[in-house]
Structures are given as C-alpha cells and as structure tokens.
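Here come two complexes built around chain A, the first alongside chain B, the second alongside chain C.
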Partner chain A sequence: MNVFQELKKFLYQLLNSVDGLHSILITDRDGVPVISVSDEKAPELAMRASFLSTFGMATDQGSKLDLGKNKTIISIYSSYQVVQMNKLPLVVSFIANNICDTGHILSLESKIDPILQNLKNVVAEA
Partner chain B sequence: MLPKPLQRRQWAAGMSDGDAANERTRLLVNPVSNTPNIPTAHSDDYVNPYANPVPKKTDEQSALNRILQETAANVIDVGALDSHNLEQHEYMDRSKAYAKRIEVIGVQIPDHPPCLLKDIPAPERVLAGEGLPQQDREMVTDMMNSAVTALSEIQVEHKEDLVVPFLS
Partner chain C sequence: MERNLEKTMDNVTNVEGVIGCILADRQGLCLGAKGSASGQSAGLIAAIADEVAKLEPESNAPIIALESDNRQCIIQRQGPIVGAIYKAISP
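Up next is the complex of A and B:
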C-alpha cells in the first residue's frame, strides 16, 4: 500500500471514530485538497475550494482583534457544522452533522497534528 | 481613553481612503506572516520619524507609507477581501501535484498503541444496547462458581517429612 493510501486509511480511522463526522479535509490556503476523506453523507458544497478558502481570510482578519492569533473557527448551521483549524500553510476542515459532539471533533487535533508537519513540506515545496 | 495604537489606527484609516488599491494588495500579499508581528513593529516604527526633529521629505513619505501599510494590515476591511477563485484546471493540477509530492516526501503515520479502553463514537448506543443474554450470564456464573470451588478445594497432599535432617 502506498503512502497516499495509508494516509487515507489513517484519516478514515479518525473519521469513523467520531459519530456524525462526515469529512476531514486537509487543504492548502486556497482550499485545494492535499488529502481528504469523506463519507457519502458529506455535503458536496461545503467541500468546495471556494467555501474552504474563505477560512484563510477569516482567520487572518480574526487575528486582528487583539485576542491573539486565531486558531480555530467553528461554524454551526442548522444541519451541519464545520470546524476549521489554522495550521497554515495548511487548513484542516472537519464537516459533521449538527448534532455531532464538537468537543470530540476538536480532540482529533492532537491525533492529526503529527502528520501535518510532513504535509506542510508538501505544500511549501510544491 | 483609547489606547494610543487604536487612535493612530483610526486616524490613519481615515487618511487611507484614497489608497484602497494599496490597502488591498498589502492585505493579500503576505497576510499571515504580517499579522502576529504587527503590534510591536507598529509602535516601534511609528515613534521613530517623530523623534527625528527635521525629517527629510522622502523619509517622511516612506514613513507615512509604512504607517499606511501597517494600518491597512491592522484594519479589518471586509469589503476589500477579495476571494480569488481558482480555475478548475489549476485546482486539478495543484491537487495532483500534492498527491505526487506526498508519495515523494513520504508521511510518517503515527501508530496507535493498542489500548484496553478506546473511544466509542456513540456511547449512548452501546449503553442502550441489549444486555448480556441470560444463557451467557449463566455460563459465566457457572464457570466462576466452578473456579471458586476448585480454589477452595485445593489441598496439600502430605508425602514426605517436612523437616529433614541436614547433616547426617
């Protein structure tokens, strides 16, 4: 099994460990996926680059509020919730249903962090 | 009273209206690396031109420009945010390039040590699930009872003398 597939398998394990989580996307600043996994219930529109890339701007502007650097933005809608983490040059986005345990999603950060360092190199050098 | 940096920002924000293009470019060029450093750089750079009694015109101009740029970087101007949508082919190209680079660079996947206890996605489902069948429970109880009986019936069988003469 190649690296890409192993990485996907790892992300699928994380995806399945949280009930109601539909998608994990690791993208660059513009919303272009470096790697992503999702199940069949993931809302297609929320996985588009045009939607994911808005986080890059929002996190920059949010960092100007004198509250420190913005790390995570959680948006909860009536049917879905989107948790996006600032790991620039990467952005990690989680898309889940509205009743999913948000704290459980946030706890995935520590599990996903170890793979991000290598992936940052992928984006930085590409 | 407002803190000094805030007053300056407001003043400069008023001045910057004519130079909106500059403001936009500054925001988009390097927004991330700018943001965390700004408060310190801002105040230091700002004080210097005024400490100088007779600033040269170019110095003053560049100082003003710098103030303008820093202010622009500090202002949250939603209208100036420009979402540049990627072309479809650019999106595909980049995505493919990333996939290739992952193969080249390689990513160390952390191995989870097996845990006795692990996260359950939906605990209420497990907790509300059916209990142990009566038959299984009986079997477990029977085996436990047999084990207890066996333990209680352990006996030491006496075969030889416990005390033996060492030096005969």
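Up next is the complex of A and C:
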C-alpha cells in the first residue's frame, strides 16, 4: 500500500469515527484538493474549490479582529455544518450534517495534525 | 453570565474525591472545565453520551462510568447539557 492509500485509509477511519461527518478535505488555500474522503451523503457543491477557497479570504479578514490569528471557522447551515481549519499553506475542511457533534469534529484536529506536516512539504514544493 | 455555571462547577469540584468536571453543550462545545478536566475533551464526552444513549433509545439518559487504574470519569446528559465528573480512586 502506498503512502497516498494509507493516508486515505487513515482519513476514512476518522470519517467513520464521527457520527454525521460526511467529508474530510485537505486542500491548498485556493481550494484545490490535495486529498479528500467523503461518503455518498456529502453535498457536492460544498466540496467544490469555489466554496472551499472562500475560507482563505475569511480567515485573513478574521485575523484582523485583533484577536490573534484565526484558527478555525465553523459555519452552521440549516442542514449541514462546515468546520474549516487554518493550517496554511493547507486548509482542512470537515463537512457534516447540522446535528453532528461540532466538538467531536474539533477534537480530530490533534489526530490530523501529524499527517499535515508531510503534505505541507508537498504543497510548498509545488 | 456564566457565574452560575462557574459556581456549580466549583461546588462539584469541592466534593471530596472529585478532581475535575466539564460541561458541554448539545454541539459538544465546551461550556466550562474545572480541575484536571480539559476543555479539549468536551466533544468526545458529548459523543460518548450520544452514542451510549443509542443502546437503549427508550430509556432515560444513561450514566456512563469509565474507569482506569486511578481515575473514574462519570458522564451523563441532562437535557441540552452533558456533564462529566472526574474522580480519583483511592487504592
């Protein structure tokens, strides 16, 4: 099994560990996917680069509030929620249903952090 | 605003044997943590409470006790709030 498949397997394990979580996407700041996993219930539109790239702008604006650097943006809609984490040059996005445990999604940060270092190098080189 | 919450948590942690407590809301977000409880655990605690409740959907909210060699963690949902109490176990 190559590194990419192992990463996918790891992300699928995380995806299945949280009830109601539909997708985990690791993208660059323009919303271009580096690696992603999702189930059949994930909303197609929310997984597009045009939606995911808005986080880059929002986190920059959020960092101007004199509260320090913005780390996470949680957007809760009527049927879905999107949790996006600032790991620049990477962005980690979680798409879940609206009743999913937000705190549980946030606790995945510590599990996903170790794999990001290698991916950061890939994005930095590209 | 959170004075009542703080007071309740202080009352809980002042009980003998209790070493910490944590409260989480319906979304698993931390409302407060005292003592050796970490705010980072709020999401997991709420998830544990929700998952265990699915075992007996017809019954009232269960009390969940997780025990290690020296500590015990007791979790229960009360309406929109999930609470966890950490207790030290004396050998």
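One rule holds in what follows: the second predicted complex is superposed on the first by the 126 of 126 C-alpha atoms of A that agree within 3 Å, B and C clash if a C-alpha of one lies under 4 Å from a C-alpha of the other, contacts with A are read in each partner's own complex, and residues count from 1 in each chain.
The criterion applied here is as follows: a residue touches a chain if its C-beta (ideal position, glycine included) is under 8 Å from a C-beta of that chain, and two chains touch if they have at least 3 such contacts.
Everything numeric in this text was worked out from a predicted model, so none of it was measured.
Per the definitions stated earlier, placing chain B and chain C onto a shared chain A by superposition produces a clash between them. In the superposition on chain A, contact of A:110 is made with chain C only, not with chain B. In the superposition on chain A, the chain among chain B and chain C reaching more residues of chain A is B. Applying the stated contact rule after C-alpha superposition, one finds that A:122 touches chain B and leaves chain C untouched. Once chain A of one complex is fitted onto chain A of the other, the partner contacts of A:19 extend to both chain B and chain C. Of the two partner chains placed by superposition, only chain C is touched by A:102; chain B is not. When both complexes are aligned on chain A by C-alpha atoms, chain A residues 18-19, 104 touch chain B in the first and chain C in the second. Contacts from chain B toward chain A in the complex involve residues 27, 31-32, 35-36, 39, 74-76, 78, 81, 83-86, 91, 94-95, 97-99, 101-103, 105-110, 119, 121-122. The residues of chain A lying in touch with chain C in their complex are 18-19, 101-107, 110.
Looking at the complex, you find that chain C touches chain A at residues 24, 27-30, 40-44, 46-47, 50-51. Taken together, the chain A residues at the contact with chain B in this complex read 2-4, 6-7, 10, 16-19, 28, 30-35, 49-50, 53-54, 57, 60-61, 63-66, 69, 88, 104, 111, 114-115, 118-119, 121-123, 125-126.
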